[in-house]
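Just below sit the structures, each encoded as structure tokens.
Look for subunit A in each of the two complexes below; its partner is subunit B in the first and subunit C in the second.
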Partner chain A sequence: MKFVDEYRDQELARTVAAAIAAEADPDRNYHFMEFCGGHTHAIFRYGVQDLMPENVHFVHGPGCPVCVLPVSRLDDAVELAERHGVILCTYGDMMRVPGTKQRSLIRAKADGADVRMVYSTLDALKIARENPGRQVVFFAIGFETTTPPTAVALKAAEAEGLRNFSVFCNHVLTPSAISHILESPEVRDLGIVKIDGFLGPSHVSSVIGSQPYEFFAEEFQKPVVIAGFEPLDVMQSVLMLIRQVNDGRHEVENEYTRVVTEEGNVKAQALVSDVFELRKSFAWRGLGTVPYSALRIRDAYADFDAEKRFELSVKASREAKSCECPSILRGVKKPTDCKLFGTTCTPQSPIGSCMVSSEGACAAYWTYGRFRDQQPAKLEAAE
Partner chain B sequence: MTAADPKLAADLSRVRGSVDMTHGAGGRAMAELIRDVFHKHLANDYLAQGNDGALLGSVSGRLVMAADSHVISPLFFPGGDIGALSVHGTVNDVAMMGARPLWLSASFIMEEGFPLAELEKIVVSMALAARQAGVPVVTGDTKVVEKGKGDGVFISTTGVGVLSEATDISGSNARPGDAIIVSGTMGDHGIAILSKREHLDFETEILSDTQPLNDLVAAMLAAVPGIRVLRDPTRGGLSATLNEIAHQSKVGMVIGETAVPVKPEVAAACELLGLDPLNVANEGKLIAICGADDAAILLAAMRSHPKGLDAAIIGEVVADKHALVTMRTRLGGMRVVDWIAGEQLPRIC
Partner chain C sequence: MCLAMPARVVELLDNDMAVVAFDTVRKRISLALVEDVAIGDFVLVHVGYALHKVSVEEAERTLRMMAEAGVLEEELEEISA
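Up next, the complex of A and B:
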């Protein structure tokens, strides 16, 4: 497989690992937060941690779109499907996220609600065309990467005059969330995360460019390296971060130059800003309310806004008690710090959102990394 | 499937079109369907007995029985269809016990409105598969459900086989130090199904690997009678099967990512779809576990069989009370190989 294998090559990995080991100062610790679930997934799936010196630590951040959606919004989606009887179209991972009282879309579907898994916004449009007598709602989630396709769908629906299609918009923005991790008042309650630098989200930056992180690096004096999702990208980016830390620099650097430019995809940005505008505030699971961190549909497209088309009741949504997702999403705690990890909560029966999406820290840790805590037992068994 | 009344002269073409409720009602239409579709293609001495059950005669040895139901969408896929699959699945389940499969039964649940021409294609394919495997379908049953209450056709098969006294194969037999061998490339079936269902047109068509493995198993047992574990990594793929065996045997396993054979086009498709080939279903491959001393002999025997050309030793059984399956990654790190949670793919077999 050209273009992929070269980013997973063992020889190259050894070379980069040797450079990291040589340049990492043994007298200090390096804590790097990977914002994106894609990085978390790659780190665990390829065992990247094993190639790092002991003093380089990964802190898993909030960059999994499924994990950060607050329970209340999920409850709204369930209500759309159940009370309003719409055909609710959603990406697969959202189906299993538990809402209040562990109620998920997959449960709602089993009880007769019309919830359909789609692979793209175009599938949702198709369902709307094929079911003119039914209201079809696309449950839109995700960061800057998934926003342009939603904008395309909204524009298509308007152009065609599809009266039975609308979007329940939950798109969120990364730069404000990253800032929030470092400065919100809750940081004091949850504890301070030691972060020496960030592995910046690459797919997001392919849309918004690397430029939006400049302010952040300057303001918080933390280096950011926009990193691709292949394991070697992650390793190379760690090396770049170590160099910045050692030099006392805090710049935005771009490791993922094969895709990301400074200004990003200007066309996609224009499309998005034509259809969406900033919300004053939006609640994130784990981060609380973050100002200007999400998008809503502009009034010009209000007819296609599910929040305007359907009356959603204000509910008292509740997260599962003892689920540590909020602290995990901030990088304050590790999955194994949660009492439920691996006992009540596994990917088969997830209690919190971090265990649902394959990009969530708990799921990645459970699926690929849990032997790390069991090594002493393993050695003992092997004796 | 009892035999049709020979007096019924009506040709199936009279009802050709689609399955309707009369085909399940026990009357003339059903008898004709059985005669003109099922018996015509599956013909053998047992079916010709024409009774409600098949008289099988006596066998010497221990008997093994396995049942499998097949619900698959699409019914026809690159490299196979539900008819062939329903034979292969059950033949392989019996073979994975180390047994020689002898007979099959087949039950069809058909949905009203299902085209008879397609039904016939499925039965023809089933008959061919049974002939190739050398395992006749000796008895069967048909039922019709109302439109909307089925998914075209469901097929349930049961297989009976005979096992020699010397063979002791079980998922609980793996021991630390044993070698883990696969018979060929992983993930072909699941990706073939998915490419068809999601209308993904890959440059190279990926074919399902569905095939009977009883002949391969026979050759393997002839070379190494002391094989400890055999299993076909169907649903859930290699990772689920290794985890099942690890739990049954209360051992751990360490495999090497680069040692696991995966076709480049399957790897590319998995990449595109965000899947792990280790989690993707196979229908014509097996996993064998044997003592380290036997590994080279078994591997050679497998590679000299047409169905084991790509066989490879992929790892080793280790002591681990947590029964974890771990893998040295391509990159050189370690990770757990877990069974997938719920459904990684929409239903595929």
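Up next, the complex of A and C:
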């Protein structure tokens, strides 16, 4: 079958694959972490791994916002809906994520809580306008792409004097998470995650630009290539990473120049810094507490901050005991290393968040990769 | 939820809003995050907001890829829901 255009062109894919095979040094292994769930998805959907030589490995990183949200924050959202009786609005992916005791927002909804799935913060604002007698909370999650829309909604609520609207803010920052993966003591002690370079996120970078990764490439001496989502983008980016590794370089290169610039979307950045400030620390699922890795609402907008408006009981939450999501998000383990994978835990009845989100590594393995990964002998032998 | 889809701007509304066309689906989105958008431009839309402008070629490429990968329908469903 002829692929539709040059980005899916099989000939071109073969050429890039041949270049990778020719340039990858057979005496070394290359471990590249893709940070973005979109890349994980593309790698599996198109079988990019099959086009790679045996010594080029993808490490699936923590780049899915649903997967990295700690259970306690989800429990808080459930509490907002159940105990405080608000209308809780959130993106669809959050609905099925199991919290403590497998309790999810969809269960809360079935039990009578008013939880509504929205496509956009615009919808949440609309619900607030239409229900002046009710408190409406937008359960905000996501990386740098979903943060600007939350900022716009907060500003709109303030401008309109929409007093029954607030945001439960869980926005997190990509560059600090990548740094953390490289410098956290666990990783240094265990020495398990071997990463030779990163595929930088594409749409996140369209907002923040490629510039924030410069410091990081320099500081940690790891190459970063900002990669588009299409399979050929991923392959081309791998080639660029291999070249950097071979040359001993560690630079930020941009493969996705058709969308990403150095400075990113300046207007969006300005809105975000007007409304949000850094949190001193935030707990990520799988990464633990990461300093300055998340945003909270500035005091100027405190009236619209659900964490200030509602009292949330701080409780210790428990991850499902055998779920290996924390190690998987660090790239330390593969989904198939989890006892529950494909038996108790499937996309139909997920135990952990990595199986809930279609961008999670477990879901991707289940949907596309599980058969190949059940014969991992070759891969293991190459390590 | 990280996917963004290109769409063509077909109408400009007040308050930084616009109507865009995804395939046959029309949707009101916000232009608050972008500048200088005109009717006929393509924008990359994520959770109801245009993140930036994209060229026609980039838009077509992305849409074709999404269609072929089978994600276009899922996304359209989510958008029109």
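Keep in mind that, in the parts below, the second predicted complex is superposed on the first by the 362 of 383 C-alpha atoms of A that agree within 3 Å, B and C clash if a C-alpha of one lies under 4 Å from a C-alpha of the other, contacts with A are read in each partner's own complex, and residues count from 1 in each chain.
Going forward, a contact is a pair of C-beta atoms (placed from the backbone, for glycine too) under 8 Å apart; a residue touches a chain by one contact, two chains touch by 3 or more.
In this text the structure is predicted, and so the values were computed from the model without any measurement.
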{"item": "Contacts of A:Trp366 with subunit B and subunit C, given as first, second, both or neither", "value": "first"}
{"item": "Subunit B versus subunit C as contact partner of A:Leu287, first or second or both or neither", "value": "neither"}
{"item": "Subunit B versus subunit C as contact partner of A:Arg45, first or second or both or neither", "value": "both"}
{"item": "Which of subunit B and subunit C A:Cys64 touches, first, second, both or neither", "value": "second"}
{"item": "Touched partner set for A:Tyr119, first subunit B, second subunit C, both or neither", "value": "both"}
{"item": "Which superposed partner A:Pro347 touches (first subunit B, second subunit C, both, neither)", "value": "first"}
{"item": "First, second, both or neither for A:Leu271, with subunit B first and subunit C second", "value": "second"}
{"item": "Partner chain(s) touched by A:Arg14 [first = subunit B, second = subunit C, both, neither]", "value": "first"}
{"item": "Touching partner for A:Arg96 - first (subunit B), second (subunit C), both, neither", "value": "first"}
{"item": "Where subunit A meets both subunit C and subunit B, residue numbers", "value": "4, 8, 45-46, 117, 119"}
{"item": "Contact footprint of subunit A on subunit C as seen in their complex", "value": "1-4, 28-30, 32-35, 44, 46-49, 51-52, 54-55, 58, 60-62, 64-65, 68-69, 78-79, 81"}
{"item": "Of subunit B, residues touching subunit A in the complex", "value": "176, 198, 252, 264, 267-268, 271, 318-322, 324, 326, 328-336, 338, 341-342, 346"}
{"item": "In the complex with subunit B, residue positions of subunit A that touch it", "value": "1, 4, 8-10, 13-14, 17, 44-51, 96, 117, 119, 231-232, 346-348, 350, 363, 366-371, 374, 377-378, 381-382"}
{"item": "Subunit A - residues contacting subunit C, complex", "value": "3-5, 7-8, 36-38, 45-46, 64-66, 91-93, 117, 119-123, 142-143, 145-146, 148-149, 152, 203, 206-207, 229-230, 258-259, 265, 267-268, 271, 357, 359"}
